[in-house]
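By written order: A, B, C, D and E. Residues from 1 in each chain.
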């Protein structure tokens, strides 16, 4: 009768506000990176290598003498690009696979078996395999991670679509004589939007982690591109010599994933507390 | 010619309708089993008539109504509606014919897509059947909203902004906006509180009178059926065991199951307590019905004949039909009404 | 008869969620030993929460007791420390619920759940507890009780599950059984059996019963006395015959007029217009006033008095005096 | 139960077969010539060509697949091009590390995830709950390798409490105490997944707590601990158990990174190294083994689930 | 509050107990030296494998006829002495007669002949020598005669260079294999350590050879006495440099190679690690494609590229501390006999204007120039990044193609895939071993001028003549730009302070005879 989830609401809301603020800051960084960063993120200064944070270089410099702050700011741009790309592929493919499978059960059986097979590969391995085939590159990183999360998204979309299909209003529409396209576009897709928004925020968050892992293994975005993962990968030997080089990009990855998770969580709680188990926070990793 | 023929023939004529569901096989390589949720049921409704379909959970009443609406595939039998055989006509024709057959569901919230505004929801049947233009549809929506007791402004709101009773009004508005000939209502008031239930029952009655609708009313509540329906059919385990004029069937039931049902139904009168006619409430398993008369394991009147032979429907006069070997013996003398 | 349970001015407040506000407003009721009281109301009237408050099972902190007292067998339950109160649960008061499908733990055998109940309150051996559980299942007319003891809930039918619930509730011979719509989810034929069983057990064990329902037909079957609630407040309490024969409160009358019966066939039902306000809506002195055919300006401003119709018949309304029975 | 088992295993085999084909096909699409890599910087083209021929790289793809699969079925996954030893030997050796690492991590996940999740659920809404939930969310958002680097820095390089890297087999010198080599890596690997389990445990405890049967249990006057342990926990565990499937997948996946950071001789690092060396047979064999492992664990999880939930096995 | 407090106390206690169980005592294997390598060698077969890592491991078990002393002078190892005929065409090498293989068999001239022949036929470095050799034969049980087609100066250096060099295997092993590396079960050598086992992904294990007969004389460089103090050597692959550093600090490894240059000051100051500099510098080389593409025969454009590069900047960025690099144009370092300043004026001009002018002279039209570089070696990548930016500033459109090392090796063999590629070269005692001297090495530099000078270089035994010719070759390299040296890099390793006998500088590869704990 009365939802028993309200207890965490205040704390949850504070966290969600923080998350939303962080996401906004990151988005602003991504859009206005060239204006926000005080220096060219690629400019090399051999005489200012590995300087610790100071007034000129807020986050210090790396071993090229490049300004870490500027690189971190520019990194948000790649993070956003990868996140958006991965979400687009994961959701686009996931919706196509999932909804088609739910609406055409026979075809669905086959499609979902394909998804099953892809899901039999642990995520990073699948991404790794795809990267190795496709070669390093921003697009290929996006594609590889996108395919990984497409499988989970397809599963979720399939599940939610099946549940929607069992809803009385679909029966009602069918009883009225509604055709397949009407069912799909008017009755299923709009109702998928909020769960998909939640899924999108989680995919966005975990795309950051996967991309960072690929970069770290040296199989992600080309190393000359300033991404947080590349920055970590390049400077991991300086963990004692120049700890700021690991601290800031690492924190950025964590914060971006964290804030998106928090936002997704809050939205899910708002939408339907019972969805909790349908969306695992981590999805696949 | 056409008009005459249609007037004489029943609006809905269901003959030998069977709905079967398959079950996973017991053994890995065994044949898949199936059971008949609806077993060779025949039923007809004339124009403007209201017929009640009564039974308990798992008796097949929902499967029957869903099959008539085309939501569940039919395994055998025929459904004629408005002169067309819905089981044999093409898809386009079937959609056209179905225009005159609309459905109302039990759960007033669930039958309305939460993402669509009420105006859009009500206009949906008009859109599907391509009736009128945007403007005329809009007008009809507003008219019908008023007819069901809602305000014109409600067209812009979403279903979740309404209470249960109001949502059922919306569902009814949607069902009647297209001016159908028959409404199939599957337990439309059982989820509502008694004060709202009365409002909705009154609304259905009023609309029926105004629009000359025929009604197939599926319910487990004898009081409601008694109130609303001209005729009633009682289902047990996929079969119609008794049917006839409401008063005749419910006041002097001839089938032992109907008698049990009537005796079990509580009446708001402390002087008319419920009575137990069957020895137990052992639930029937629809997937493996007993041989012979399906009711015999619970029946206080069962004889050896009942264990082996399926009773045939028998007309006991004035269209009162019962499928029981002992229907004549269980005569009016043991009438149930007080 | 002695008052076994008395609820005084119970005030339940919803703190957050969909409907913040006063949910149960200074409700009082009394149940005597061996008496069956039906608490009647529509959904949202607060009848279930009242029962949960008595049991100490409110979904806190969403709903909390903000005032009043619950006295059972001479002890104030609300002031009792938790361990003692747990002793009352089961021993003194037991409860059964509406959904027999979900009220039993799906991964625990039925027998174990009954045994758990027995052993929580009495130090008996497991074997003895099992034997008693078998007896209890027989007492509630469970078919093949020994077999059902080892079954999981999903292997039982709805009626059987409710029988198991009843067996569990009766395990420690409670003085009061609270039954929260125990038959609403069941088919009428099953309901008839469960109601009959409850009635018999209640009389045989001389157990008091608080039976919560919205179905006046069921009330007529099960109750000695009836309390009608509307929107968190008591509307009318009376012996069962008086409620049906001489309802005093307009709401009670309206409810009775709503029910389609053989006598009213074909004619329009006299529906109560409008709908029940939610606890968050502004509060009028009489909550039923907006829907009441007899309401006047007094009803909006002056709290309705408690009118004594007869010794055991009370109504809370300005307009009980005149009016017709349905 | 038997029927359930058979049906579940019936799903397992086709998936495995389809995966094996995918693995084989994937690997062949990778650019890079294993022969050239193997012979090194100063190799002549003729030597490379000769080696290619010797390694069977010139035959048709399907032919290579069938040969590979038939051999794989008999346990022969080929010979490592780089090490010139049977792939199976490499995998078996690597499995000790990887399986122990995963087990160790699972232990962390369970002993950290379940109690903390339960605690957070018990103190729902409190500052403690907010803190723990926030922390869990943060840990789930931190890259494992980052955690690993800091763990090495703190516990190995600075404090010197634990070994920084590597893992000598427990069958070698040091025996069972060699497990200390896995403490830090397993902690790094467990952190984000434990965070997931914390969140999941908390959520499903709260979900179950709202179930009617928990209310029934409380109505029975049971001690709260009995309610939690016998009624809430067992049912909440169902959700958690079903999550173990993808937790294991996550462990395997992230082990690739963790084993690289900690220089563990496991199959995860072997995949990465073999990709860099273009050691086809090893890549194929290892990924096949990982997929097999993963599918098997999922099978076990499902069976465990069926065992925990009587509703499943009778269906 | 749903659950009572005693429950959370219980949880707390459980957590504490768990944390307590973490403590565990370290156990150290006293007689094992643990060496953290950057990875795993492809094979330890010295004849055909030129990997430095392979040599680091293998020179403990395989020995050649000669080796280098601390002054990079070749000294006898398995040989006891040699005689060179006056015309320089016949060389007789005398072998020590007390040498035993690990399988217990004595080493004879037959084994030496078989080993030299396999090396000469299939080893890339062996081919350099054998191109001038007519015949190798045993001239006694412990003496071998090499007959040359023409005098060949660098013969002893080539025989002493064990990396890709003439390790002596038993005749049964050497005679039975071609270019394919010999399998591990046939690793039979003469060195102070015996092959133990190779546990892929875990370690390569060498065991002390108890019947080892050390060469005479005091230890100097690799020459002289060899004493094996450790019972076993473990070469453990630890690809992550940070992990190697922390591993030595934490005591998990006794020795770790290839340290990040920026950490040298920190490690120098760290009592938990001793810094060991590598003796010979390595140097980066950017090869230019002489076979295809826009740079194939456009020497002016090559010079434009060369002029644009400021190698000092690149070195500073990629290496950092100045003591670890020299912006040195000479292919061999200062102090080495082969040092020469010829042509080095063009080494690091860093003159964008001049480069742009040269590019214009070369009719450069902005065609993209593909620069192949891998990330496996940080300094390749780092320097390539700097060069790319310098070239872009000079208007030369360079595009980096970043791949992993395996792909680079594959791609560089295909002339149409690249225009420039980055690699590095280890220290060599004789310039003939520098890869650019090999006509078949990718880049395929084989101009007539080169061929003439190369012939002159190898035909004489006279050291001064050879040095002069080498200076000419170096000048020609700066003129024709087949490759661009990027400067000397001194790598370093770290050792546990517990080790004694480790010198501050390695000769080329670290060695662990004469070292103890």
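Everything that follows uses one rule, which is that a contact is a pair of C-beta atoms (placed from the backbone, for glycine too) under 8 Å apart; a residue touches a chain by one contact, two chains touch by 3 or more.
Because the structure is predicted, anything quoted here is derived from the model rather than measured.
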item	value
Intersection of contact partners for chain D and chain E	A
Shortest chain-hopping distance from chain C out to chain D	1
B-C or A-D - the one linked by more C-beta pairs in contact	A-D
Distance from the mean Cα position of chain E to that of chain A, given in whole angstrom	43
Cα-centroid distance, chain B relative to chain E, in whole angstrom	88
Whole-Å separation of chain centres (CA-atom averages), chain A against chain B	49
Sequence positions of chain E contacting 2 or more other chains	4, 240, 242, 245, 376, 404
Contacts with two or more other chains, residues of chain A listed in rising order	4, 7, 135, 236, 239-240
Complex contacts: residues of chain E adjacent to chain D	1-4, 6-8, 11, 14-15, 18, 22-27, 29, 32, 39-40, 42-43, 48-51, 122, 124-125, 164, 179-181, 183-184, 198-202, 236-240, 242-243, 245-247, 249-253, 376, 404-407, 409-410, 413, 423, 435, 438, 440-441
Touching residues (chain side chain A, partner chain D) in the complex	4-5, 7-8, 10-11, 15, 113, 116-118, 120-125, 128-130, 132-133, 135, 205, 209, 212-213, 216-217, 219, 229, 232, 236, 239-240, 246, 250, 253-258, 261-262, 265, 274, 276-277, 280-285
Residue numbers on chain D that touch chain C, as the complex places them	125, 210-213, 215-223, 226, 230-231, 234-235, 238, 308-311, 314
For the chain B and chain A complex, residues of the former touching the latter	66, 69-71, 95, 98-99, 102-103, 105-107, 110-116, 124-125, 128-129, 171, 174
Contacting residues of chain E [partner chain A, same complex]	240-242, 245, 260, 262-263, 266, 313, 316-318, 320, 375-376, 378, 381-382, 385-386, 389, 400, 402-404
